[in-house]
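Which chain is which? They are A, B, C, D, E and F, in the order written, and residues in each are numbered from 1.
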Amino acid sequence: MIIQNQHVLNMASKGQRIDNRGQDEYREIDIERNPVEKAEGSAKVTLGKTIVIAGIKMGIGKPFSDRPDEGVLMVNAEFSPIASPNFEIGPPGDDAVELARVVDRGIRESHAIDLRKLCIEKDEKVWMVNVDIHIINHSGNLIDASAMASIAALWEVRLPELKGNEINYDKKTSKRLPMTAKPVPVTFVKMEGNLFMDPGLEEEEVMEARLTVTTRDNGNIVSLQKGGAKPFTQDEIENAFALAEKKTKELRKLLN
Amino acid sequence: MIIQNQHVLNMASKGQRIDNRGQDEYREIDIERNPVEKAEGSAKVTLGKTIVIAGIKMGIGKPFSDRPDEGVLMVNAEFSPIASPNFEIGPPGDDAVELARVVDRGIRESHAIDLRKLCIEKDEKVWMVNVDIHIINHSGNLIDASAMASIAALWEVRLPELKGNEINYDKKTSKRLPMTAKPVPVTFVKMEGNLFMDPGLEEEEVMEARLTVTTRDNGNIVSLQKGGAKPFTQDEIENAFALAEKKTKELRKLLN
Amino acid sequence: MIIQNQHVLNMASKGQRIDNRGQDEYREIDIERNPVEKAEGSAKVTLGKTIVIAGIKMGIGKPFSDRPDEGVLMVNAEFSPIASPNFEIGPPGDDAVELARVVDRGIRESHAIDLRKLCIEKDEKVWMVNVDIHIINHSGNLIDASAMASIAALWEVRLPELKGNEINYDKKTSKRLPMTAKPVPVTFVKMEGNLFMDPGLEEEEVMEARLTVTTRDNGNIVSLQKGGAKPFTQDEIENAFALAEKKTKELRKLLN
Amino acid sequence: MKRKDKRKPGDLRSVEIKAGVIEQADGSAMVKMGRTIAVAAVYGPREMHPRRMRKSERAFLKTTYRMAPFSTTDRCRPGRSRRSQEISMVTREALEPAIFLEEFPKTGIYLFIEIIQADAGTRTAGINAASVALADAGIPMRDLVASVAAGKIGKDYFLDLEYKEEEETAADVPVAYMPRTKEITLLQMDGDLSVKDMKGVLQTAIKGCEIMYEKQKQALRERWGPNAADVKKELKTKTAKPPSGTLRGTPSGAQASTKTEKKR
Amino acid sequence: MKRKDKRKPGDLRSVEIKAGVIEQADGSAMVKMGRTIAVAAVYGPREMHPRRMRKSERAFLKTTYRMAPFSTTDRCRPGRSRRSQEISMVTREALEPAIFLEEFPKTGIYLFIEIIQADAGTRTAGINAASVALADAGIPMRDLVASVAAGKIGKDYFLDLEYKEEEETAADVPVAYMPRTKEITLLQMDGDLSVKDMKGVLQTAIKGCEIMYEKQKQALRERWGPNAADVKKELKTKTAKPPSGTLRGTPSGAQASTKTEKKR
Amino acid sequence: MKRKDKRKPGDLRSVEIKAGVIEQADGSAMVKMGRTIAVAAVYGPREMHPRRMRKSERAFLKTTYRMAPFSTTDRCRPGRSRRSQEISMVTREALEPAIFLEEFPKTGIYLFIEIIQADAGTRTAGINAASVALADAGIPMRDLVASVAAGKIGKDYFLDLEYKEEEETAADVPVAYMPRTKEITLLQMDGDLSVKDMKGVLQTAIKGCEIMYEKQKQALRERWGPNAADVKKELKTKTAKPPSGTLRGTPSGAQASTKTEKKR
């Protein structure tokens, strides 16, 4: 293990990676739409060996009292123990909570869903959008895989029929969610002072710091999240902004 | 302990039991009706040294949305730590959950309660039937003792007075639950290839497999549950059906 | 530690205390009103080195069905781990629960709040009074510090504006809670057969038994709570009543 | 003043105590006080879990008071409530003074109290049952702990309030008491009483404890005394526990006082 | 009688089984039965936590069955339910008889089953996936466990009910079976059947298990057999696990029967 | 553009910092930023529980951020929320780079942050308090960590947003910074900014951190410096902790830089 870690770091110090990728190169990405028919929308993202499924279930509920005319978005992530020997059963750990909240902020801050259009009756009744992220295999960079799966699933949603207060889940209509944007995350790790995109599991184990830059369609940044136990310099962060701006155009194409 | 276990098995291999019972012989059964006056109905079953109390509390609530015109049955079992040095405080363990669910299925599948008659106002207001099973002493075969206590308690229920949305628990009416059947369980264990009814605690500790056959008044099977870490053959199971059919008539008399 | 404990006990056997206080002498008490502006009322009590903040948040809710025309009082105490190396994160422990319940009973039994005046609409809508006790530093006698902080905070409350079912917390009115009394607790510990008021932390660690006597303005007792693993004699308890009666007058002045 | 059930102010409700009701337990007892029913079971002394609760110099009396869901007018949800958590604690403190805990360092004595039917006085019924169960388990004790509540209705001090009286009383004062040493191990009070009345109610409760104490001893005699029918039956089917510890707990036992002197 | 999806009474729904779908796991499998999708992963044998669940003479098969929140018509909340707790237990008991647990004393074998889509038969799909995953992990097994449910609609015994049939059937009878030893390791039933019909339904389910068994073996051959394309690909990128244990589980393996004889 | 409270865009709210406010703690501090009040306490280094979180080569900084129920407009329920769980984590990561954790292998440093009043910027106030509390506890540090948020309203970059400004800003960007090494240890952002503006806001936040840093040092000087009135008072009543570790954390301390060089 320690030898493996040292090897990753040695290569990183020269700007190299154990799977021969470039510093700004992602692993192969595959997006499967609607693998779960029971969900109102779903997507399975395979990013190298990492596999994530996001499923959307719609519900009906009361709006928050400070947003009486808006639908409710809820993002939940579970690190299912099937996906890694290190995941445990129980309430979401720190990493799962951070993952869900980073994905949530990307969707929310880019106004990817026009939540006002999900109001059915002000103060009383709005659509609830439940985004559930399920990790099937953890081989690194869960944030990017989960964010892409979630946004892809949201764009696939077909609303079920609404009868009074009850949802008839067996009847899907042709109506979609009021989607307006495709926020895309780009995650970097810093190793030996160099930045690398789309970290694999072995890289995450030795990384010094992590930065996720989420941008919306016009290139504006809508969310940032630094992780890891070491700092960044201001230069490194500004450099990441520039690299993310480029890469995001490439990744966004996969979502079309 | 291990010597004791070996002794039980040695006898079992000859079709014998440490308390000299026959293979299809139950320990002494006593049913006390309404030991707990505060409950709407209750029964205490003593099966050998095993003691179980079932108490019924009625409530008012919303029906499930897929059964808008039916009352709600809820069965809950607690392995109170007073009953055994091995029971622990905390949420119900696997055994307690299985016990409650097996008792629940026996009542539900035999339609012992006509739940439709417990509807007060469709979609809005129905009677809730809470069956709480409390183990006082665990000396084996909790399933049969609990199922009999539950069904006996249900037949004893006197509904409390209903005033609008509130129940006046201090005034019991003469109305009973709409009971239609008396499902009776017969539990077997397999030891050294032989089947034995009504296992004692020492037998449960060494049993290879367990089978509960619950039948309703006409002899039809309404619920089966296999337990234990070893298999049954098809012959053994068909044999158990035949033995249960006989024994159940005897046990049902105790509930009259 | 053990030497320290022995020292406390040696002095106690002579009626003396390690900080040279008299047996019926309190440490310095300071009450700061409204340190937390966001709360509807708050108070910070410093009792020697012990620091407690009580904050009141008002809410709207349904009354209990057996008190359909009364507001609801809820007292909650948290032993925040900032306050002591021995406090842990998690649901309230025995000591925190006892603390909250003793404070609650003092307020409730003295009818310090006229809860009937907090009814907005019978059966449907009443004010909820949430008293939250937060321990900042634990240096002994949390009961007296918390009870005084709570009653001081309650007397400071300014009700927020009510708009239909919603509370506008940003607009405080000039209306106060319908307060009628100032219950005051006096806590004793018994060490080496002698009684001492206002125990410090070192004294609580070696005390044999504890007694809290809460009285209302006319001197009547409204609540008693014995604690600790050793008994009291009847004489000791009657003696405590007499001592408390005197001291309570002095302490009540601090609340005016 | 007359009581609804025609008792005199100083009367207990009808009391029934039975020791040894749970075969699996090391000691057990059932107590009925009027309609209130409490069952207590003792397991131990045995290894204490979790380890961090182990006391190097004495046994830990792990005490759990709970109510069966069907014991109350409204169904009470299973699981710990703040009320049951507090009662567990004061019950433990009510019993600890009576037990020679120092004889079993590092161990745990597990005491479980279940309320089967609740009709006022559940904590006192629980303590009475627990005290008999501890003796039944052969745990060496200085004395039995007896417990009764008292109150004041009108001008009278009333003993052992039942449910309807609890609503009328000026105060509810549960007390636990060791009659031999005349010491109070539980004292709580909710209500509104002058100091004078408070003393009167306390005095009333203590008298009630003395009556209860005799009934507890009687139950232990029925279980373990020379004429105990049950014991004989028991002896055939299982190895009887030596009731020596129990005897120490009875005031007639010289052994008990010696023990006390030696230990104190 | 015709079935809604035009199957014959004794037909399974369309079945798809794939072994080795989760790279991180020691063994894994995905099973589709109609629209129901189950994924299983096996980690271990490895150190058993918590310690008190360690068995001195055998491995403990820690089994967890769960449903993804989006797998059901109404979103199902994450976390343990009483239903999932019971299914976890009966699944463990359905698989234990097949595993040589005694070869790994004191260890834990961690089995996780996730239902990705639920359309009736989730516990049987889970057991089928788990069985293949255990073999994929190289855990030595007496046999594969195959599982299918059966029921009765009208006068016919129907195999492998789908969601809409579950509402019409007189009974739902999930069965797990080891075809080589002809032993039943799971049997549950809800419904209302005469003893004669019950026997018929059981017989039907057993036949279904035998069909399922062949599909499980096929999936393992595709993963580990001499022509397995995947294996070759795998071998390049990671150290392949010796599939020896798996072979013992196949009826063709002489090693398996020897093993069985020796151990029994 | 003018701010509601008449501050200039680059002004902090009124700041008050006091070290050593909790007698029981090994180190503590209170920070007020406008109406926001945070209290932090440090216990340790001491034995790490649970054992499995122990790190063989360094101390673990166990960090807990919580809000008092009365700190917010609507009462916030006690207990962990997903928000507080995330803030606990990013707070830990914001502070770890500053601490010589490697000096205390296998131990735990327990950091608790309580928000007494919440009016925007609670996580930055918490980090500022925590940083001072760690120094107050004598934990050896490379530098103090200072934290301030910035945003953009209209065309201006605004420092240290208060509650009402948070609703108007185009983005909320909390930053934590070590001024001596010029390194960023916390960076989060919610909003909508061009890359150019994002850089401007980050630059603004960093300037704010530098101002905050001076106030933190001042608070430590007041507590531990040669003229600290408190310290003298303290010395009489309890054994004063040597503030050596604290000194390492101040930029003037030569010891600190030596330490850093040696360790890196």
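As a working rule, contacts are C-beta pairs under 8 Å (C-beta built on N, C-alpha and C of every residue); 3 or more make two chains touch, one makes a residue touch a chain.
Predicted model, so just to flag it, every value in this text is computed and none were measured.
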| field | Any chain in contact with subunit C as well as subunit D | value | none
| task | Identify the chains adjacent to both subunit A and subunit C in the sense defined at the top. | result | F
| request: Trace the shortest chain of touching neighbours from subunit B to subunit F and give its length in steps. | output: 3
| task | Please indicate which chain is farthest from subunit D, where distance is taken between mean Cα coordinates of the chains. | result | A
| field | Maximum centroid distance from subunit F, chain identifier (CA atoms) | value | B
| Distance between chain centroids, defined by C-alpha means - subunit B, subunit C (Å) | 48
| Distance between the centres, which are taken as Cα means, of subunit F and subunit A, whole angstrom | 29
| Where the centres are mean C-alpha positions, what is the separation of subunit E from subunit F, in Å? | 53
| Draw the chains as dots and join the ones that touch; what shape do you get: line, ring, star, complete or other? | ring
| query | Going round the ring from subunit C and on to subunit F first, in what order do the chains come? | reply | C, F, A, E, B, D
| subunit A-facing residues of subunit F, complex | 82-83, 85-86, 88-90, 93, 96-97, 173, 178, 181-195, 198-199, 202-203, 206
| Along subunit F, where are the residues that touch subunit C in the complex? | 21-25, 28, 35, 37, 39-41, 43, 46, 64, 66, 68-75, 78-79, 110, 112-114, 116-119
| query | If you look only at subunit B, which of its residues touch subunit E in the complex? | reply | 92, 94, 97-98, 100-101, 105, 108-110, 211, 216, 219-234, 237-238, 241-242, 245
| query | Considering the complex alone, what residue numbers of subunit C touch subunit F? | reply | 35-39, 42, 49, 51, 53, 55-57, 59, 76, 78, 80-85, 89, 91, 130, 132, 134, 136-139, 169-170
